[in-house]
Amino acid sequence: MNLYYYASPATFYPLAGRLIPWFAALAAILTAVGLYISFFMAPTDFQQGEGYRIIFIHVPAAWMSMFIYVVMAFWSAIGLAWNTRLSFVMARSLAPTGAMFTFVALWTGAFWGKPMWGAWWVWDARLTSELILFFLYVGVMALQAAIDDPRRSDRAGALLNLVGVINVPIIYFSVKWWNTLHQGSSVSLTRAPSMAHIMLWGMLIMALAAWMYSIAVALVRARSLIIERERQTDWVRSLLEEKP
Amino acid sequence: MLSAHDLACERGDRLLFRNLGFELQSGEALMVRGGNGHGKTSLLRILCGLSTPAAGEVRWRNQPIRQAHEQFGREMAYIGHNNGIKDDLTPIENLRLAAALGGRSLDQAQATHALGQVGLARCLDIPARVLSFGQRRRVALAGLMTAGALLWILDEPLTGLDVHGVAMVEQLIRDHVVAGGLAIMTTHQALALDGVTPKTLSVGD
Amino acid sequence: MNWESWGAFWAMGGYGLYVWGSFGVTLLCIVGEIWLLRRHRLQTWQRLKRLKSWDSQ
Amino acid sequence: MLRFLFTVIRRDIMLAARRRGDWLTAQFFFVMVVSMFPLGVGPEPSMLRTIGPGVVWVAALLASLLSLGRLFADDFRDGTLEQMLLSPYPNTLLALGKAIAHWLINGIPLLLIAPVLGIQFNLPPEALWILVLSLAIGTPILSLLGSIGAALTLGLRGGGVLVTLLILPLYVPALIFGAGAVEGVLSGTGAEAHLSLLGAFLMMSLLLAPWVSAMALKVSVE
Amino acid sequence: MLRFLFTVIRRDIMLAARRRGDWLTAQFFFVMVVSMFPLGVGPEPSMLRTIGPGVVWVAALLASLLSLGRLFADDFRDGTLEQMLLSPYPNTLLALGKAIAHWLINGIPLLLIAPVLGIQFNLPPEALWILVLSLAIGTPILSLLGSIGAALTLGLRGGGVLVTLLILPLYVPALIFGAGAVEGVLSGTGAEAHLSLLGAFLMMSLLLAPWVSAMALKVSVE
Amino acid sequence: MLSAHDLACERGDRLLFRNLGFELQSGEALMVRGGNGHGKTSLLRILCGLSTPAAGEVRWRNQPIRQAHEQFGREMAYIGHNNGIKDDLTPIENLRLAAALGGRSLDQAQATHALGQVGLARCLDIPARVLSFGQRRRVALAGLMTAGALLWILDEPLTGLDVHGVAMVEQLIRDHVVAGGLAIMTTHQALALDGVTPKTLSVGD
């Protein structure tokens, strides 16, 4: 079947090679447009002044951080169920990008919180669960880095991923409840009231750029992983000869 | 009964062996030969189902061993470079626990008897931790004797044993095979099983 | 156009540190990731080449 | 089947009894961590009462983590784990048995010590009672989830600390509901909701964890 | 002599670099333990600020305790410790070198992370600064005293209690002076007194600890 | 040069040996014999100063070894049942570190050469952890070769080695002794040092 055809590393490798430039280019263009909107078209917020412009990276990064984790878990599940090498590779190549976006969400959140709330950090439900998500990413990466044997490390990482993805919603709701049950602090997440259309567009375009970027980066990483693992096969050997 | 088809094993950057296959029937022994680092241990671990081969499969009574987990577990016994005994327990407790985990029952007297046979009559109730290198190996061998398994997979059973120990192991394996058992082993020393000629299999370059 | 001058642009209405701190670090992260990725790729290729030349010896 | 489960549990208890010193260490660690806090944060009683349940729970969590490092590691090193995996019974049972044994050995003593520590923090009697109850439901979760981490990090250099990294985030709900229950009593909002959520979380871990850790064990001994 | 000391240090740093994952994990442990506390005790900022210094200090203590477990154990298991004890140099140097390496590897990173954690607890900048300073003086003490415990645990099988009993109480002064210094800043009473006491304690451990742990090592490999 | 006087060793309730003494001069080898658990390892650990005898003392160049710690440490090399190599380092790094800790310097080329001699030329830069049982033993032997020690104390140096390995060790010991070194060893296998006849010493019952 078609799907099986593309799931073979030997076909996937060149295909990914052809797709990467397109995704990279799209990411660059969308970022340029998004930045233009965020700095030159979006009006000043009447409550938060110019500080709110952080939203144009904060929100896309936060979205990506959660989304990538789910996608990773998806590939892990497929890998464990059908033992397809490619899905493990995909899961693995997404992790660093996901961790990076989580970090960016945390960082920009902190840099937003300082002017808006007067504190770099508060133990709000959303913030706390994002922090824990970061720990989960780091955990998966640390585990995979600690195991030399690729097969073992793929499987171990995938198992951890699945356990994590079941837990993330539980963690989120528990944290949320924890916070609201004894809400002692005066600060709470102030939302930009009704976002102007143009701001929404800016955010969406930036989010799309983040998507394209993630896909491109993950594909590049996947390609490196693939040739490393398939080095005994004929197609990699001939590839190594072709490109000096 | 045990057959291996087209096995291949990769470790790190190296292909240790490939297209390796054999068949072993009741009453036969197989000696795996090869120098240091040629992949004997790796092969044995594949055969007992602890690691998965890069290609090929192992069958027991014509079923892949992954599927026959329960039956294979009951009929196979493995001794690796590690003895698989708990340092904090005495030899007797070690044997009895191992039996219980394998679903067999072994009473005090039987365990004592087995340990006596491997020459540990004086070390029944000191913790295994203080035993000497060779004595620890002997505890593992006593465990093998009481396991009542049909297939023995032994990775260098002679290491650390003195001359009496070596003679004892030879006798043990011979009796097992003559009684219809299967044995797969590796060793770098001479191993004389009089009356039984093991098949041999060379691993690695 | 929102900004009267470059100075105003960089000042971000007094939020310069926070806005540029965020965008700057994001940029750093992305550049860093791409750089690491590139390095990993090159290293992989070199290693595979070396291994292959070993094998053919 | 059940015989196998009991044998695994009996074996671990026997081993723990043989090295009673190690086992006592984990309990002492619990006591020490909790007692260290008043030294670190100052002696004011009302503040201590507020942080009391949280501190006891975090300490319980750390104590269970500490002992988890060795859950499979010793057996792995001396080769007995291989032997057990090769036994004719499902590996899930093995994983379950080890987790249960861990709870019996390390969880139950915590329950007995906790009230004493609660008193150090001036918790009222009804809060003490709920503290024990929450630990009784919560510590099995720690053992179960922890067994996953222990299995995944088996044989890795410095696996002990890696376990922490993998498992602590997963413990968060247990911590929140557990400490929350006690605080609920202290603040008068009641503990039932928290406790029942904790119970649900326990059920889920009981269903999933042994299965996952059995898979992880298989992967790790490869 | 000095060459030998440097070689021991270089060796341990090399080994740590070889398992970078492991090392990073220890730092993350520190971060996670600190982050668990608010989940246990609740998010109220003013309360968190009060307990902040204590929590960071207790976490630093636990992190160093955890990594100490492996200070000699790995070398003992693979026989390299024996080999080093047989080398022609005094064993005290070996013990000192191991303790220094432990501090360089595990202590220094704590100093760098601590301010970030302080921010999570809303500590003001001057308190952050004193927090780092107190950790800079305090963490070598943890490594030095801890090496005694690590050396003793090698031999005394299941004598783990003794070590926790022995070492954690020894850590208490470091904890009290260290956390006290930061609280002194918060409450306006100043930090100098605390810091100088901490310094004196450091001097004392530097003189005695390597010597004691060398003796303990000799006993342990017997 | 090395002499033992009236040594006794107790382990638990058992007296392993007593009144044991010998003297060994430059160019002599001593083979310690005894079955499993008779106390060979215990004796060797006493000789190299790792454990203290219940009675008696060991002297090196007529000085008790406790007092001659530095000189003895420089001139003696010991290989036990444990190899004393770090799993995370490559064989080359292992050798160089061991040399540095002994106060010697060993460059990359020398280390490579030594490893080549023990047959590990292909395993220079993989971590020792993944080496096979026999390969790890060989790393320890390479360390012995580069130690430049006068007195070798070897506890079962042949365990796990294949036939080439055994021949290599025999040659190594022979050359060392012929060149004026001292060697004390135990083994359960045959060890042929042609041209050199080791003294023997029996331990235990």
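Each chain carries a letter (A, B, C, D, E and F) given by its place in the written order, and its residues are counted from 1.
Operating definition for what follows: a residue touches a chain if its C-beta (ideal position, glycine included) is under 8 Å from a C-beta of that chain, and two chains touch if they have at least 3 such contacts.
Fair warning: this is a prediction, and the values are worked out from it, not measured in the lab.
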| item | value |
| --- | --- |
| Same vs different contact residues, chain D with chain E, by half of numbers used | same |
| Centroid comparison with chain E (C-alpha atoms), farthest chain | B |
| Averaged-CA centre spacing for the pair chain F and chain E, given as whole angstrom | 37 |
| Separation of mean Cα positions, chain F and chain C [Å, integer] | 54 |
| Distance between the centres, which are taken as Cα means, of chain D and chain A, whole angstrom | 32 |
| Residues within chain F bordering two or more other chains | 87-88, 127, 130 |
| Multi-partner residues of chain A (each touching 2 or more other chains) | 135, 138, 142, 146, 148, 151, 175, 178, 182, 231 |
| Set of chain E residues in contact with two or more other chains | 19, 21-22, 25, 28, 32, 39, 42, 47, 157 |
| Complex contact set, residues of chain A against chain D | 80, 132, 135-136, 138-139, 142-143, 146-147, 149, 151-152, 155-156, 159-160, 162-164, 166-167, 170-171, 174-175, 177-178, 181-182 |
| Chain F residues within the chain E interface of the complex | 48-52, 69-74, 76, 78, 80, 82-89, 93, 97-98, 100-103, 127 |
| Of chain B, residues touching chain F in the complex | 11-12, 34-41, 81, 119, 123, 126, 130-135, 137-138, 156, 159-166, 188-189 |
| Contact set on chain D toward chain B in their complex | 3-4, 7-8, 10-11, 14-15, 18-19, 75, 77-80, 82-90, 221-222 |
| Residues of chain D touching chain E in the complex | 18-22, 24-25, 28-29, 32-33, 36-37, 39-42, 47, 50-51, 53-55, 57-58, 61-62, 66, 156-158, 160-162, 164-165, 168-169, 172, 175-176, 179, 183 |
